[in-house]
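Here the chain labels run A, B, C, D, E and F in written order, and each chain numbers its own residues starting at 1.
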Amino acid sequence: MLRPIRITRSFTQTPAGSVLWQQGNTVVFCTTSVTPGVPPWFKPDQPGGWITAEYVMLPGSTPQRKAWPKTGHTDSRGTEIQRLIGRALRGVIDLSRIGPHTLAVDCQVLQADGGTRTACISAAYVSLCDALAKLPRELPAPAPNAKFDPRVVNKDYNPAQALTDQLAAVSVGIVNGQVELDLDYIKDSNASVDMNVAYTKSGKFVEIQAAAENGQGFDRVAVNQMLDAAVKGCEEIMAIQTESLQAK
Amino acid sequence: MLRPIRITRSFTQTPAGSVLWQQGNTVVFCTTSVTPGVPPWFKPDQPGGWITAEYVMLPGSTPQRKAWPKTGHTDSRGTEIQRLIGRALRGVIDLSRIGPHTLAVDCQVLQADGGTRTACISAAYVSLCDALAKLPRELPAPAPNAKFDPRVVNKDYNPAQALTDQLAAVSVGIVNGQVELDLDYIKDSNASVDMNVAYTKSGKFVEIQAAAENGQGFDRVAVNQMLDAAVKGCEEIMAIQTESLQAK
Amino acid sequence: MLRPIRITRSFTQTPAGSVLWQQGNTVVFCTTSVTPGVPPWFKPDQPGGWITAEYVMLPGSTPQRKAWPKTGHTDSRGTEIQRLIGRALRGVIDLSRIGPHTLAVDCQVLQADGGTRTACISAAYVSLCDALAKLPRELPAPAPNAKFDPRVVNKDYNPAQALTDQLAAVSVGIVNGQVELDLDYIKDSNASVDMNVAYTKSGKFVEIQAAAENGQGFDRVAVNQMLDAAVKGCEEIMAIQTESLQAK
Amino acid sequence: MLRPIRITRSFTQTPAGSVLWQQGNTVVFCTTSVTPGVPPWFKPDQPGGWITAEYVMLPGSTPQRKAWPKTGHTDSRGTEIQRLIGRALRGVIDLSRIGPHTLAVDCQVLQADGGTRTACISAAYVSLCDALAKLPRELPAPAPNAKFDPRVVNKDYNPAQALTDQLAAVSVGIVNGQVELDLDYIKDSNASVDMNVAYTKSGKFVEIQAAAENGQGFDRVAVNQMLDAAVKGCEEIMAIQTESLQAK
Amino acid sequence: MLRPIRITRSFTQTPAGSVLWQQGNTVVFCTTSVTPGVPPWFKPDQPGGWITAEYVMLPGSTPQRKAWPKTGHTDSRGTEIQRLIGRALRGVIDLSRIGPHTLAVDCQVLQADGGTRTACISAAYVSLCDALAKLPRELPAPAPNAKFDPRVVNKDYNPAQALTDQLAAVSVGIVNGQVELDLDYIKDSNASVDMNVAYTKSGKFVEIQAAAENGQGFDRVAVNQMLDAAVKGCEEIMAIQTESLQAK
Amino acid sequence: MLRPIRITRSFTQTPAGSVLWQQGNTVVFCTTSVTPGVPPWFKPDQPGGWITAEYVMLPGSTPQRKAWPKTGHTDSRGTEIQRLIGRALRGVIDLSRIGPHTLAVDCQVLQADGGTRTACISAAYVSLCDALAKLPRELPAPAPNAKFDPRVVNKDYNPAQALTDQLAAVSVGIVNGQVELDLDYIKDSNASVDMNVAYTKSGKFVEIQAAAENGQGFDRVAVNQMLDAAVKGCEEIMAIQTESLQAK
């Protein structure tokens, strides 16, 4: 039911994490860049670091070219999506353990055939694993905007253990009355409901977003069927993530 | 469990619908303006009209003043919210029945104490009822951008019947392990999950958005408990809406 | 001649001052928020605080919906008006007496039927009175960007006495050759001159703005007649302000 | 009392009107460009044309460089000023007589030493005279957006007679208790009132803008004294304009 | 001397042309999207179509993350580069032969290690070949904004022959007094001159841009040496392009 | 072959350098403003100062009015040009010798008849000479953002010697097969190649930009002919610059 997934880690070398994620005809490219220091709005004594996510669709990612927005680099749909991605990632990372670093997860859609936002979450998790593995094991040097006393040993600092859980996401919907997993664009256009679920190895949800489409609501039975399918789909994706992460 | 709700219809007279909605200390002001014609991207033979939603927080709506964004009039959170409001409304309106009109639902937060997005959806429904009641019963004159043949009687046109269902929304969360309905700001800040649900009179969901907060995921049991509470809350709100709509 | 005025103080509770001002069918909502500290461009040894004003028309405030501007949150007319409001307020406040605080006066037009800019000035004065009454009587703690030595007692600091005069504003015009006070939209559209006057209890002008409309200039006699009417109107408004302020 | 004025007409040749206006150390460069057609918001049967004004300060016009605004090309002060200039010009031009043309008056401040907005109005009048003299005497060909029937002779069309009056403007203020005409920057900074007046040959005002400065209001006596001085100043400027216009 | 080049055509399937171009550690992704119709500023009787180019660096393309610009999607350097790319492409395409189509060439830098702008030009040429091969051989249907008379056979229309020449580009510089071809980032940072050359199969230049770096000018001898090296480099690249294009 | 050049130094008095440069019908106005301190991105121990350039075309500079861009103050062509001007100037100035100052060179096109970018470079050089002559001969006081120890005598500081070479620029092209120097608009529109060259007194190039126009490439012979003409043109312009600079 899940479309075939192909993960290419270290697709580029500049960022700490760089993942090309192909899921059916959907292709997303996800990088994680590490910058020393924390955002300016951190309180002086706030420990740890921060993580942000951005989502853009490249102009050639759709059959009819998607022009860049007039102002900014992503449109209102992209804004909604990158907030979803950021929240999902913050659900599985203990920011107090990454020291004064800012992790920027940049998700670029190279080809859009449905399910790009959930593919980005799944890819971002892999990219994050690679990035955190490159952070120094020692406590980092003090960074701009970060309150940091080098004389105090921070026992909590351990980027390798900052990820508290494994994370994957998948889309699910109801097409012609049937629950369908991992919808491509055609199916998505014909669905009466569209649900996106981010789920963890330990069996917890971090995000559920379900929306009626085409003027049709959905009942409690549909919710349950979709959640069942999504959990199964996320578990499959996590197995593929694990295989890829163990490969190198 | 639901905070006290007070609805003032026709708070102002300029727009077709104008509702002041107070729910606990949350105050939102929601107007529905009707413009003849359809958006420029409508296809030439696309029947009916369109509905949009915008959400802004006024600067004085929060204890610490919320400055207007540098560019535009709403920030990324507001963008996410107004997309949610628009989708929820489109879930209960048959746009083919409103003729070539564009309905603009403008939601302004005057005071924010949690649950502003769901209050806006509930208020927007009332505002929409008032606005649709003012649309002409006769087929409207042809409008800009609208393909319209006055010789053909459009039996489907009936704005009073354009609303296919009644709509309300409420927030629900888990605070200290307990399911809580209609969270105020303090409770919302302490919740481990935050769920927003838009639900209809006929027992259908149109939107479910649940997000883990403070790094804690939630399990299937929590999903079910929250949906139970949300459905009950929405039913109560719909009763209050109905009472208000029958008053005049 | 003046349209009926109704003032609701503490319309909301979040900001320090919150006034709903109805004048005929014109409805403006004016809040004053207090932020510790001064603007970044203050000179290091510049005493006191600052006050700013913003003016926006909500989309539903006009019969034909007024869309938000493409960039920013107010258009060029709004920019002109908020500069007028800010100057008028700065004309009656001794900024050296408010300590290192920034007062933000936000004027929102809920319904526009002429005279919104002068209604905002009159409402802002009431909102400012309420806000200043909430500032601490003691010297405030040092704030960001403010040079402040807590060992030195600042005898000038007394927010309750920071307002040096009472302020009201009104519009006046010449319609069909007759001087008319407090023009609604219809009269304003037919006026040959439009004048806005901000005037104080002690009998001083702080702002006069008169503009020929519809290609017709105005002579010295008209100037004098309009000023006479405006002074009388402002005095009436100040009586209404005083009554409202004494009510609580 | 008026600072020396030097007018260079046809300073450049590209636009229809091009005036370099030096008044003391204030130097403004004002061009009038003519574009066939009317703005898109003109009603289909609206006769005549339109006029707009823009005002920018070049970065080198002030001792401390004035950076371009982050967005757009003029700041909020410039926005307020260009609205004043546009209104003043529309006060002396019969737009129904200029046919379907849009006149764009662009005012650039090359050196700012007080009174730039009034210098721009005075200069724009001269620039407008030159531009109108270049419009064809015959009825123009139909233009984009303009309803125009070439078979009907439009007897009202006569660009040379479109200007209904002569226009000049000047600033006046009260410095150290004395009324002063045509304030330079130093005097302007020390004034307790600042008034800008646009006045016509036939003895009509088209704009009066008076603002209290430095927290000091002004009384009716001051208003009268300033208007007296302004009228005299405008009359002098009109004589200089006339001399320049007759020179070629 | 040239870094190893690897060309992957049809890297994605949505756009008409899609090329992944790796040159040393520089990786660019170039797509060509075809949209029916011509830009709105085309004159009514202007034959043929148009081509545009855009250039963006993805945030993860540099070791230190390159944030998206605050407004828009490319910065001033990107603006300069995309103008260069567009001009170079327009130098080898006969736009009158592509019918009423707009070709959008989107160049995205995935990894930046010097020479990204010239890599984009070389990649864009390949992408353009693939895109033009997919345009219909028959005269296209009339498109928006295009004057088009289907009764007239347009003998000039032949997209396959629209490319008038083959195009490649390369960077060249002088490092430590030696001419170096195809500079990576380290060499580029140490160069005293940086030259970018776009050159064709028929031995013509379409673009030469040479700039002194680090405050050192360059003489005529250096110009000649750099042009010699660039021509040789472009010829090598064109051989690699041809090999790739013949592969399918 | 070069069009007549007329240089007016100190055209205005506010900025440190102010040059009106007329070359044929092209008129540019170039100012150099000096601001104490260095840009925020300077490294703490980075010596010397910085120089920037901006280029705008005033709306009246072209026969058909050139509207200001919707966002910002210059368009993509202007962005490309101001980067060229800035690089050219940085090619002849030793920034370590100007102390902690930022020089802002503002180029405004008053009338455009071809060759505006090269006229700006030539004018900027004169403007820069005047500005540097006004910098204090003594070491300047410490400035914001600048690491500066007043106890250490900086022997390198000497603004009068900061210019390492004399700079001029000229355009050259091939029109009807003939090399032409200093093209006006008509010639430029008909050229098959357009080359801009910035050249110094000591016989070095700092910028060469050549672009094929109208789909025609150019060969090596053309490059050489154009460089020959450009060098001769720049030498003539430098003689005129020198004459102007010696005049006062």
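Quick note on the criterion: contacts are C-beta pairs under 8 Å (C-beta built on N, C-alpha and C of every residue); 3 or more make two chains touch, one makes a residue touch a chain.
Keep in mind that what you see is a predicted model, and the values were worked out from it rather than measured.
> Which chain's mean C-alpha position is the greatest distance from chain F's?
B
> Is the contact between chain A and chain E built from the same residue numbers on each copy (over half shared) or from different ones (under half shared)?
Copies use mostly the same positions to touch.
> What whole-number Å value describes the gap between the mean CA coordinates of chain B and chain C?
Those two chain centres are 33 Å apart.
> For chain A and chain F, what's the span in angstrom between their mean Cα positions?
About 48 Å, centre to centre.
> Express in whole angstrom the distance between the two chain centres, defined as the mean CA positions of chain A and chain B.
28
> Residues of chain A touching 2+ other chains?
71-72
> Can you list the chain E residues touching chain A in their complex?
11-15, 18, 25, 27, 29, 31-33, 35, 54, 58-65, 68-69, 71-73, 104, 106, 108, 110-112
> State the interface residues of chain F toward chain E in the complex, per the touch definition above.
Where chain F meets chain E, its residues are 71-72, 76-77, 79-80, 82-83, 87, 90-94, 164-165, 195, 200, 202-212, 215-220, 223, 227.
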